[in-house]
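Structure record follows, encoded as structure tokens.
In this document, chain identifiers A, B, C, D, E and F correspond to the written order of the chains, with residue numbering beginning at 1 in each.
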Amino acid sequence: MRIRVINPNTTESMTALIAASARAVAGPGTVVEAVTSAMGPASIESHYDEALAVPGILAALHDADGYVLACFGDPGLDAAREVAAGPVVGLAEAAMHAATMVGRGFSVVTTLSRTKGRAHDLAGRYVAAGACRGVHACDIPVLDLESDPAARKEVVALARHALERDESDVIVLGCAGMADFASAMSAELGVPVIDGVAAATVLVQSLITLELRTSTRGEYAPPPAKRYSGLLQPFERT
Amino acid sequence: MRIRVINPNTTESMTALIAASARAVAGPGTVVEAVTSAMGPASIESHYDEALAVPGILAALHDADGYVLACFGDPGLDAAREVAAGPVVGLAEAAMHAATMVGRGFSVVTTLSRTKGRAHDLAGRYVAAGACRGVHACDIPVLDLESDPAARKEVVALARHALERDESDVIVLGCAGMADFASAMSAELGVPVIDGVAAATVLVQSLITLELRTSTRGEYAPPPAKRYSGLLQPFERT
Amino acid sequence: MRIRVINPNTTESMTALIAASARAVAGPGTVVEAVTSAMGPASIESHYDEALAVPGILAALHDADGYVLACFGDPGLDAAREVAAGPVVGLAEAAMHAATMVGRGFSVVTTLSRTKGRAHDLAGRYVAAGACRGVHACDIPVLDLESDPAARKEVVALARHALERDESDVIVLGCAGMADFASAMSAELGVPVIDGVAAATVLVQSLITLELRTSTRGEYAPPPAKRYSGLLQPFERT
Amino acid sequence: MRIRVINPNTTESMTALIAASARAVAGPGTVVEAVTSAMGPASIESHYDEALAVPGILAALHDADGYVLACFGDPGLDAAREVAAGPVVGLAEAAMHAATMVGRGFSVVTTLSRTKGRAHDLAGRYVAAGACRGVHACDIPVLDLESDPAARKEVVALARHALERDESDVIVLGCAGMADFASAMSAELGVPVIDGVAAATVLVQSLITLELRTSTRGEYAPPPAKRYSGLLQPFERT
Amino acid sequence: MRIRVINPNTTESMTALIAASARAVAGPGTVVEAVTSAMGPASIESHYDEALAVPGILAALHDADGYVLACFGDPGLDAAREVAAGPVVGLAEAAMHAATMVGRGFSVVTTLSRTKGRAHDLAGRYVAAGACRGVHACDIPVLDLESDPAARKEVVALARHALERDESDVIVLGCAGMADFASAMSAELGVPVIDGVAAATVLVQSLITLELRTSTRGEYAPPPAKRYSGLLQPFERT
Amino acid sequence: MRIRVINPNTTESMTALIAASARAVAGPGTVVEAVTSAMGPASIESHYDEALAVPGILAALHDADGYVLACFGDPGLDAAREVAAGPVVGLAEAAMHAATMVGRGFSVVTTLSRTKGRAHDLAGRYVAAGACRGVHACDIPVLDLESDPAARKEVVALARHALERDESDVIVLGCAGMADFASAMSAELGVPVIDGVAAATVLVQSLITLELRTSTRGEYAPPPAKRYSGLLQPFERT
């Protein structure tokens, strides 16, 4: 089977990181293709960025059996489900579902404080009330996670604080840029630490194995064809 | 004061309808400017359409003291709040808040069945659990509401059914294209019927009068500047 | 149009304060009449006070196009809606609705700690779960807010603490006696600060403009006529 | 011990009915005193009636070890708890708690449709979400329950319908005037049928036995003394 | 009437403690019989213990008019209701219901931290959201509560902390082994302190007095007869 | 890797069915071992059965990298997580998580009406409010599903009804005995139909691949050692 992992920002180095994380867990026989969005923001750190990452995602939903949206804000997930031919899984979605299966309550550690609200909203959408016990931000910009050698250390410290404060037992990494932190952090903290990229990869692989794809009954049926104009005319579907 | 009412689809005749509804309730001294989105879908009837209506909205948020997003799905509301200089109010948001102040429980009557989920999601975001007692669809496409002479009649019948079935006491019109139905429907049904365009206009006017604008503390602070590329390069902010 | 702002306690100086706050935001052509309750407690600081403020409110619901209940506990709101000929808006109701349109989560700052539960209950009734992120009390009695020169300063300090602790971005003033604090507090704190008196005035004005009044279908229909006796015989309706 | 059962309306025949129901279940050594409110409405069938029943209740909270508020709307319960020297239990409160201990989900059958919202509100306050599966009205006025020989039959039919429709397994009688229906209805329907008067009597008796009374820490502490004026001056506390 | 109080662990000294607490509040004419489980764990401090306490409970549900499950985790309550001939009440259930009738929000103080999640789950099942404001653990093993002279003191200190931190006004004791702490703790703390053993005893007595027993309509009907095998063959019902 | 699928009832033919469903989706390199419980009920159709299925499950949690609890009631899931060395996934848990990733709202179709409450409880635990739109029962006993040739047809008809009534877009099969219905039902109904056995198998395989196992921080730490006695003495852990 073929899984397409879409990096919704335009930074190639993040695509490489994401690809490595996804490939590390894909099963034998699963081909992981990681693609970088062709348009929009270099990183996603606001609702504005997130909204403008969606067109690039929608343009990339082809030629695979299933799709991973590799940004923790799960931008455009509903729209993607309407147009993709196979199942689509978001990072927050996958990580949060996995977290509930290995613990009683998780904490999210993320990058900028301003994105905490979005993480809470997503928890409200995906998991039962109370499963997400807190969201914590290190206030390191997304693109500095890789380059800043102190970043991982700060994220570990933040996670340790979150476990105490939230009385949680699992850590969810709230940014695709933290994908390579999970294993070492888990060893250091002694609790499950979940990278959404890996989680989404095995979950979409699971859905494909189960021969499940997005329901076309009702809300997620293919959208009605119509005229598109201006800059976005290329998105017209016929 | 100056209120800009943004029609997020590209259909000029809907902009005219929306403008009339907004102007009918604006106070003396309030200038209502209605604009049509410069890009994207001709009408909004899916998550795909909604996502692709957001760039056009974001491009139109200037030169006013407050903004109305004139589509019942309130597309891009969070992003709009980050970048607009004045308050921004969505149609569903305004209509639902108003509904809770004149009744105990409202029903939404909307166009396509596939949009019911979005209406439920918005109710979950804006009002207390239980305030929205039901969402009902007539399955008339948005752009046929005007042209189809039977449309209003069908919407009235649907609303009547909704009041009985949901034991509700207020009707919320779930599409900007129904803006001119409210008054006659209210007379026929004997209950408050709320048009979101008018409601959003007076609410944003109220916020401006109160000298309230979106908080810049935390989540809605102006987004960090960054590189945008490809088709969406024009959205780069500096 | 004519809006009657009802001070549900019997303290005239608070009525003057409330009247000034309401008049400052009323539109041209709107006449604001502020009245003091003819019976009951001098201030409202307990469930007991609140219950006994309701008869005075019910006696004052006449001769206007819309009504403001100018106490943050919104006493008797349901009963008022049954008998008033025009829309009725409470202070907490108006302030909380407005708060959700200019921020992601608000904190209430109020007078006595013992009233915090009521504020939480009202938030549960008016806004979506999570919108009210905390309620904080300064423990200054209502009638001392005006006379105590240090009061405003303490309320500012409390609000600053609330913003940090609750990770909120908007302040709601939890007492009609704080009506004149809003503007200076907003300047000091750098976030929207909402006075319920002003908010309720523009919201009820908005409802009147929209030609909306309380639904008479079901729960808010005029109450059945019946015999009243004893001290409360004057409240008999025929 | 001494339990005072307060009929918050002014109809003596209802007091007699309530007294009989309470006495039938009181333990040996428990004295039940039933009193009729000295002021206000002859029956409680609206928010207006309910608000105006509260002063009469507050005037009757003396000379006992515990109190039952014998109206299913539990009017003034918070205020009563602030001023009564012993525990106070409402009818809806008692019946709903009892219902959750003998079944998985209950239906309320009540008098007027306009009171259904209040029953839902109380369920939201007392029991976990989902415990109350429906509220159904027979639209027989409160004072006709006794005199109308067909009333009980209609209430039985309504309860039978409720059990089917709500998939519930317990019936809660939603009016003090139905107190004498419980036993026969239970026999006919084959499910527990709960009369709030009896339930509140044994529950308040239980609280007294446990030496529990309303906490005076925080919200339910005795209200601050203050000036009361006008018609309600007699309610001033010193 | 005859109430059977079942200690679901196998420690006789705890049964004696429980029996004393139950007998102290039972009415005249009520016979309290306390029994020790015939199988399973010596104390209940994990989900594992709790699951393995259930068979012993199910074997003890006979020869009484009503049953108390004397462990704060309320193990096997649903199963017990299916097979017992009279009403069955759990400790957490009784204590939490009672707590809501004498205060606005309670804190639970319990033994091991690992059981806090269970207490939260039970609160979610029995009482309205928000009624349980916190769960706190002293981390003293169940069987040390009696023998350790410092235990009560530590529990008092924990409760004092809980009242401050949770802004609660009632304490619920989260372990049957704390049954004899309630009265002295209440005197020291100045708030109601609720022992679930006593609470469950008077509540099941109340249900019996009301002639209420578990509904046999639907979920709690006697379970279908079937073959049981292996170690648990004795549990086969015919 | 090695996955142990535990049939918690004692019926061997159901184990065979379950094994086939699990093996059909397990990845290359995954060994699925299906075991039948050594004690307890022949099928699980009540809370009583479910409680008495738990000991058999707890006895079977060894010699694998991960475990599937192959009963839709997910009996003993918390206890199993405390003692198993690898991750443990329940059928309802897996099916409900999967359902939310391929649709907007699912309906459960199950066997006996009396188990509907349990399905609702589990939905409340695993997924966000509103994700489970209904639970429907065919009232065919578990062990008749296989032998009754009409069973699958009735389940299909029930599912069709559920999709209409609940406005859902995914079907969750609410019994391990329906494991072989999924594929044909999906073809007939045109929506995703989810068999929990298959879903749990791929999900536990995913967790193992991610090197995630149940957190031992807090609630799911190994239970304290203690004395067990009577029939259940063999469950003593040291």
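One rule holds for everything that comes next: a contact is a pair of C-beta atoms (placed from the backbone, for glycine too) under 8 Å apart; a residue touches a chain by one contact, two chains touch by 3 or more.
Everything numeric here is computed off the predicted structure, so don't read it as measured data.
Common neighbours of subunit C and subunit D (chains touching each): B, E.
Taking each chain's centre as the mean of its C-alpha atoms, the one that lies farthest from the centre of subunit E is B.
For the copy pair subunit B and subunit E, the superposing rotation over Cα atoms measures out at 180 degrees to the nearest 5. Distance between subunit B and subunit F, defined via averaged C-alpha coordinates, is recorded as 43 Å.
Centre-to-centre spacing of subunit A and subunit D amounts to 52 Å, using the average Cα coordinate of each chain.
Centroids of subunit E and subunit F (each the mean of its C-alpha atoms) stand 29 Å apart.
Each of residues 104, 116-117, 124, 167, 218-219 in subunit E touches at least two other chains. If you draw each protein chain as a dot and join the dots that touch, the picture is not a line, a loop, a star, or fully joined; it has some other shape.
Residues of subunit B touching subunit C in their complex: 25, 27-29, 87, 89, 93, 97-98, 100-104, 124-129, 163, 167, 169-170, 183, 186, 190-192, 194, 198-199, 202-203, 205-207, 209-220. Listed in rising order, the residues of subunit E touching subunit F in the complex are 10, 37-43, 45-52, 54-56, 58, 76, 78-79, 81-83, 112-118, 141, 218-219, 221, 223-224, 226-235, 237. On subunit D, the positions that touch subunit F within their shared complex are 104-105, 130, 167. Across the complex, subunit C meets subunit E through its residues 116-117, 120, 124.
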